[in-house]
Amino acid sequence: MFRVSMQVRDYECDLQGVVNNAVYQNYLEHARHAFLHHHGIDFAALTREGVHLMLIRAELDYKAPLKPNDRFEVTVCMVPEGRMKAVFEQKIVRDDGQLMVDARTIGVNTCNGRPARLPAELIAAMDEERA
Amino acid sequence: MFRVSMQVRDYECDLQGVVNNAVYQNYLEHARHAFLHHHGIDFAALTREGVHLMLIRAELDYKAPLKPNDRFEVTVCMVPEGRMKAVFEQKIVRDDGQLMVDARTIGVNTCNGRPARLPAELIAAMDEERA
Amino acid sequence: MFRVSMQVRDYECDLQGVVNNAVYQNYLEHARHAFLHHHGIDFAALTREGVHLMLIRAELDYKAPLKPNDRFEVTVCMVPEGRMKAVFEQKIVRDDGQLMVDARTIGVNTCNGRPARLPAELIAAMDEERA
Amino acid sequence: MFRVSMQVRDYECDLQGVVNNAVYQNYLEHARHAFLHHHGIDFAALTREGVHLMLIRAELDYKAPLKPNDRFEVTVCMVPEGRMKAVFEQKIVRDDGQLMVDARTIGVNTCNGRPARLPAELIAAMDEERA
């Protein structure tokens, strides 16, 4: 499974001394884009061409909070849903194996503002993953 | 219903020219804390006393993206779930009435790291809202 | 003098319980863009046309830290420096008159990646301010 | 010289398609904290004990903008200034050797809100660096 290693940075922590809830979405997005990049899909380049992968839903189950200096991995598993949507199942797991966040996001592809078929590279990436 | 008025700031927008997905969680958190503050609950003060309201789940449905300078409101409706949890139903609505994000977050109260009853002021706030 | 009123949001605070140092640059940028917008210059629109106002230098003197819920104003005073640069003198002042940050940023105008004359509207805005 | 390797994440980029100006301060702070950590100083632990290293000044010269996926290093060089202050000279250098940001920040140590001598470990770290 595709995974990205990261470490908590102090500025990502809030008053409570733990990583702020919104920051986990940053981690998840970064891992998704790294996943796409790994499969030859450059998010910034697509954006310049008017192709936008837009999130339409995010579900996050917060199991335990990450703290300063914690090391963790973010996994990415992508499954197509019809021709225009992709579902990303992601986990954030601390170095010691503790599950911190269990997430599911759904993205839809759009081209110049209209729903569009997923890029062929993305379909190929999903097939690769499942193989 | 409790609501907070806000406006998109350019630094909240990303490569795609719209508000980044994670930023909506910032908006939602800010509105929840404003709601608590409105009901006499100071989040920062509670935190110093070891009382932490921790999110355990967040669900966001992204309906349409906010753009630079857009004005919007974030609503907050809180419902207790048992003695230790609170469910927040929130909407982000653009000035022209367009629903941008429909969200539901669940928080659990903890005191020095252990699940604890919701603070009495919070129960009172929820009763006030429903009255 | 041009000024924008803002209030600290809890998610902008870090482990130390005060607004994180980087966030003041967000506040300053937001006030600069509001200043431009007030003078008929839309930053996002300029960007789409290939005109980029890029910071080349920022100086911030941190006098006292903003805390949760603090209300404050950010002032903007702009002075041209030659034909392609603008200097922004900005202050962040808490509601009770306490100076929190004293800042000076220098921006240069670029068009499709090359230094370019400041947009005419910006020159007009600077003249207006000084009048 | 102490250095930390990092890579641009897409969510750090703004409307202009480059890393937002404020984010460089995040990078610089992260590198300073990693430097402290490397020398046995835990920023989060110090904070809990009431010892706060507060920035009093930041100067950033932006030379060229970082873009999506760029890899870079952040260097840290610390010099004491009197008994209570430390000056950090930092550079952000892209993989190909291009200098992106040249920065200088000054921090003062405080203990329970009052200026205080720099922690002994920090003095030792500065001596180590210069040796």
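Letters A, B, C and D name the chains as they come in the text, with residue numbers starting at 1 for each one.
Criterion: a contact is a pair of C-beta atoms (placed from the backbone, for glycine too) under 8 Å apart; a residue touches a chain by one contact, two chains touch by 3 or more.
Since the model is a prediction, treat every value here as computed from it, not as a measurement.
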Q.
If I average the CA coordinates per chain, which chain comes out farthest from subunit A?
A. C
Q. In whole angstrom, how far does the Cα centroid of subunit A sit from the Cα centroid of subunit D?
A. 28
Q. Using mean CA coordinates as chain centres, what's the subunit C-subunit D distance in Å?
A. 23
Q) If you look at subunit C, which of its residues touch at least two other chains? A) 10-11, 13, 15, 17, 20, 22, 26, 29, 43-44, 68
(Q) Based on which chains touch which, is the overall arrangement a line, ring, star, complete graph, or other? (A) complete
**Q.** Residues of subunit B that touch subunit D when the two form their complex
**A.** 10-11, 13-15, 17, 20, 22, 68
Q: Report the residues of subunit D in contact with subunit C in the complex, numbered from low to high.
A: 15-16, 20-23, 25-26, 29, 43-44, 47, 52, 54-62, 65
Q.
List the residues on subunit B that touch subunit C in their complex, please.
A. 9-11, 13, 17, 26, 29-30, 33, 37, 42-44, 48, 67-69
